[in-house]
Amino acid sequence: MKVVVSIGGSVLVPEPSGARVAEHADVIEELVADGCRVGAVVGGGGVAREYISAARDLGANEIELDQLGIDVTRLNARLLIAALGEDAVTAPATTYDEAGEALRRSDISVMGGVAPAQTTDAVGAALAEYVDADLLVYATSVPGVYSDDPNETDDATKYDRLAANDLVDVIAGLEMNAGASAPVDLLAAKIIERSGMRTIVLDGTDPDRIARAVRYGDHDGTDVIP
Amino acid sequence: MKVVVSIGGSVLVPEPSGARVAEHADVIEELVADGCRVGAVVGGGGVAREYISAARDLGANEIELDQLGIDVTRLNARLLIAALGEDAVTAPATTYDEAGEALRRSDISVMGGVAPAQTTDAVGAALAEYVDADLLVYATSVPGVYSDDPNETDDATKYDRLAANDLVDVIAGLEMNAGASAPVDLLAAKIIERSGMRTIVLDGTDPDRIARAVRYGDHDGTDVIP
Amino acid sequence: MKVVVSIGGSVLVPEPSGARVAEHADVIEELVADGCRVGAVVGGGGVAREYISAARDLGANEIELDQLGIDVTRLNARLLIAALGEDAVTAPATTYDEAGEALRRSDISVMGGVAPAQTTDAVGAALAEYVDADLLVYATSVPGVYSDDPNETDDATKYDRLAANDLVDVIAGLEMNAGASAPVDLLAAKIIERSGMRTIVLDGTDPDRIARAVRYGDHDGTDVIP
Amino acid sequence: MKVVVSIGGSVLVPEPSGARVAEHADVIEELVADGCRVGAVVGGGGVAREYISAARDLGANEIELDQLGIDVTRLNARLLIAALGEDAVTAPATTYDEAGEALRRSDISVMGGVAPAQTTDAVGAALAEYVDADLLVYATSVPGVYSDDPNETDDATKYDRLAANDLVDVIAGLEMNAGASAPVDLLAAKIIERSGMRTIVLDGTDPDRIARAVRYGDHDGTDVIP
Amino acid sequence: MKVVVSIGGSVLVPEPSGARVAEHADVIEELVADGCRVGAVVGGGGVAREYISAARDLGANEIELDQLGIDVTRLNARLLIAALGEDAVTAPATTYDEAGEALRRSDISVMGGVAPAQTTDAVGAALAEYVDADLLVYATSVPGVYSDDPNETDDATKYDRLAANDLVDVIAGLEMNAGASAPVDLLAAKIIERSGMRTIVLDGTDPDRIARAVRYGDHDGTDVIP
Amino acid sequence: MKVVVSIGGSVLVPEPSGARVAEHADVIEELVADGCRVGAVVGGGGVAREYISAARDLGANEIELDQLGIDVTRLNARLLIAALGEDAVTAPATTYDEAGEALRRSDISVMGGVAPAQTTDAVGAALAEYVDADLLVYATSVPGVYSDDPNETDDATKYDRLAANDLVDVIAGLEMNAGASAPVDLLAAKIIERSGMRTIVLDGTDPDRIARAVRYGDHDGTDVIP
């Protein structure tokens, strides 16, 4: 079974500390021990936000800010690699070819961002599509896909199951609403739709949830059905 | 004045032939002679479509197809570079840093695609944002932004002027409509909106239109107003 | 057994289409299933010729044209990689070190051109020499090595067997004759001679001929004897 | 006049914020306006320490930690580049060749770390030596070179002037003393000694001190005399 | 068991000739046959000294000289790779990540220098630390660590055993003494000390000594005890 | 005027020493002072031969030997760069694009070899063709093109003038004769023929001859006439 796990920056590295990273590494190693081939994509989180805010004050434009953000995701990728030890390749992959080559050889590959104007959400979906993954898991800071931003709207309801084309509509709706934030971005949703991959969006603050979801399909998040 | 010109693949290279490329190169050189700094981004066109179709038949996934498409855009970029002679850097830029560095030194930079899951429309907008361009011109195969796909709908009307946030809405609407094609994609529209760049979408089959639009603001396409 | 297969561009991709590529991929996979280690080198073919002709019209010099040609060979290499699936490394090798490293690990490596002023015929021979291949097969659009260009001269006779030093003389003779075309170029012939590799030149339009030649030494082309 | 300014991470980015970076960029631009060619080398600071501490907890070894540290220095370099605008090359240099090439063309080059087991102090000295700089300035968090660590020892005395070979001895002595920290490391001191470069070590928390030191030789730090 | 062998340039390539290289390759292959994973780091030797001397006469500075020296170490690495055949990766590693990746896959990795202002002694120690080697062996042109330079001082005594922190002191002492040369440099000694790796310094002119030292701990050099 | 100077390795670096290199650098700088744009290509010479001989003894094949040879040419290129100071780019170009980019910016570019199975003779011709050079000068260890190898045959006569297509014939004849050596190789001759470049082959042991030939067309070698 081939799995791509996309771990949000604020889930993996709420602040630069090893604790949460070690737990995520343990889960990935368990999956590998179960026979899975695993690709991980990690986000930028708080440090990315700090650098981006500083650079914005200095007059940097959005593409430069994305470049900084990508650099931070690769720092976070190096943390996860450190925790994975010899199961993972020694350096973050910077292209899909490189990550795909590692998975082809049954190594764990860890990526951060790839190019400006593209989130790590989208990188996760693209890597999953590239390696023909059986499952894509988003470990985010919210417990799934909601009809609306649960932090903004009281009656936001979580979807337990959602067809991929409905995911695109829900995310498109959220992105139109300036105040709301979505658990995955629109490009990611579109890649999920076109690729027909099974996808799970769940709360990754407890990494064991990822293991349970992959192994037993058991989770409290949202199943996106091809 | 800093200008980014995004030239559609089927506009620049309807089939692999030098004629159209030479005309586009002439226009770019005129703009440089006028004192402009110019970055060009070129698309894939028919050859890209042929390779992508062949690879899809062979079982390639969308990310692999994008990779092929990027390679063809760089072939097209090399054609344009050949026509530009010593005014342009000798090889296509593959990152925004590299393209930006060339423009910083007042050289003409030519790019194709940058990363999978990102069109050259979006690369054009991102490069324009990265170099803080004064103007972004899309030389496409349709004469501007329409309310609907003019090839599909008789009463599609062309916008002469359009606010950037309205552009996002129009493109989002077109993308929802599976049959319709849009002159620029949604990511490009969003970058245009956030960056507040002046943008012109025009019919690039006659390259002189680009020169007139840049010099005098005179064109029959669509003005996107920040 | 280590085999390098050099597949002419017009043999592999007469036009950008997957059909012929799939057949070649099948043959390579059969050889791998038989226990062979296989390196493939692919040429540029018709698309290369079209781009080169366009760039020549734009004033490009021969080295720039070669650069374009190399880019097209790598496109073709990506097509073959797509057809080979997980047996092949994910991206075309661009140096002999990289291709050799893949073969060392028993992966299939696919290359296009390496540097200007060097055909993929020569790359095939050089890769074969680099990896100490047991056999080098040229899958070309002519059925073997002839005393003269069979398209130009009626009494051109095909050699069933040819010593490597005689191959050099025959090719040198053909190259002196401006109108004639040779199945492999002079540099390739010289590498074959110096390396003492067994080499077969055959008509590759039916890829099964490659399999039969590798497995049983059975073919209608020309055997070049060290 | 060619100047290399080595700015400590905690001096440039006490926390990820643009304020201090902008002041340092202003000083560099003033020096350029005066006709100087400037290369800047920046350190890692607090964010580097946080990541390194997290990775150490995860079992990373010192070389992996250095790798992380280098990545953070390049983030900081991107901040400084953002603040410098079009005077600086668009991306951090990662080799001396690349940085030297930028200075040769009278561009501002910004570097972070180069390789594990080598501090940015040493990179600053090496870059200065490589470009045959007239002056090397260390903008550190201490006001100069002391006979002992001023934070540890009350009677530590600051040197106003120090011969380069004495600098080596002082730093070697400090490094032997486990508790003490030195304003530049031993490798940097040795490079300064062998190259015979004029060097100033000063408190960089107020960036104007750098400008005054370069322009008038006026500062409260330590002059290292070849 | 993971072993890093650092072979001095004048030990491996006293002059450019294959004889000594073949013997060292045999020893490495024996160790691999015994089940060891081996990383090798090779120095520059006589050819490096000749080039460096020539470049110094031409006005090159020390960093440029180091760059030349690194290039020669990679030439020597290619010689060793040629002798190792298919057991080693096909090209010298130029970063610790790359070398570590090869060892992770149980391939032999061969490195030369990494960056200016860092000897291959230090690269050997850094690679050993990076891959968490069980043993680091320096095959040098002197028979171990001495209290003083044995070529300069008659009563220099060899240490059979030395604590790592004492190694740092001894080397620091030797480096202070301008005329003396040390078997490993100070940075290497410090990395050995901090990493707590078992290290052996021995006379590598007879490569079999390396094999005996690794297999049986039997040697006439110096044991550095963590 | 654009000039490419191809300097044989045994002409530039008969042994690794700076004397001859300095003289060649002086000539190049004089030409630049005269207003020429200059690209230099340097060969391997004696050190290349020593390394190649050592590697051949170790069982390396010809492609691996070429790789070693290329590395030595880049060492020699670094020597020439050191002697040229700030007029030349800081590092050897490794592709035609890179070298061409330097010449486009009126910098001196220095190259060694580019790819295996291609001599620096051919690189010189290819670079000259790529940059549309007005003149290509081969500074070799023989005084021009002879009807036969002058070291082998007493009645070998030197050509003062030779049409480019006759050059191809002469060189082809020499290459057929196993014992003879030619001042440029066949591929170089063919590139010279097809490109229609004026070319001079002369004895480069006295570098002033290059300056006189470029400035006044005055030399004792062979003029190759397009």
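To keep things simple, chains are lettered A, B, C, D, E and F as they appear, and every chain counts its residues starting from 1.
Going forward, a contact is a pair of C-beta atoms (placed from the backbone, for glycine too) under 8 Å apart; a residue touches a chain by one contact, two chains touch by 3 or more.
On a predicted model such as this, the values are computed, not experimentally measured, just so you know.
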(message) Applying the touch definition from the top, give me the chains sitting in contact with each of chain A and chain C.
(response) B, E
(request) Chains touching chain E and chain F alike, please list them. (result) C, D
(message) Suppose a student superposes the Cα atoms of chain B on chain E; what rotation angle should they report, nearest 5 degrees?
(response) 180
(request) Could you check if the interface between copies chain C and chain F is built from the same residues on both sides, meaning over half shared, or from different ones? (result) same
(request) Go through B-D and D-E and name the pair with more C-beta contacts between its chains. (result) D-E
(message) I'd like to verify one number: the distance from the centre of chain B to the centre of chain C, where each centre is the average of its C-alpha atoms, in whole angstrom.
(response) 37
(message) I'd like to verify one number: the distance from the centre of chain A to the centre of chain F, where each centre is the average of its C-alpha atoms, in whole angstrom.
(response) 54
(message) Based only on mean CA positions, could you tell me how far chain D sits from chain F in angstrom?
(response) 43
(request) Would you please write down the residue numbers of chain E that are in contact with two or more other chains? (result) 64, 67, 97
(request) Once you've mapped the touching chain pairs, tell me: line, ring, star, complete or other? (result) other
(message) On the basis of the stated criterion, which chains touch which? Give every pair.
(response) A-B, A-C, A-D, A-E, B-C, B-D, B-F, C-E, C-F, D-E, D-F, E-F
(request) Could you please specify the touching residues of chain D with respect to chain A in the complex? (result) 13, 15-19, 21-22, 25, 47, 50-51, 53-60, 64, 67-68, 71-72, 74-75, 78-79, 82-83, 85
(message) For the complex, give me every residue of chain C touching chain A.
(response) 86, 89-91
(message) Considering only the defined contacts, which chain C positions touch chain F in the complex?
(response) 61-64, 67, 96-97, 114-118, 122, 126-127, 129-130, 132, 172, 176, 186-187, 191, 194-195
(request) Flag every residue of chain E that touches chain A in the complex, lowest number first. (result) 97-98, 100-101, 104
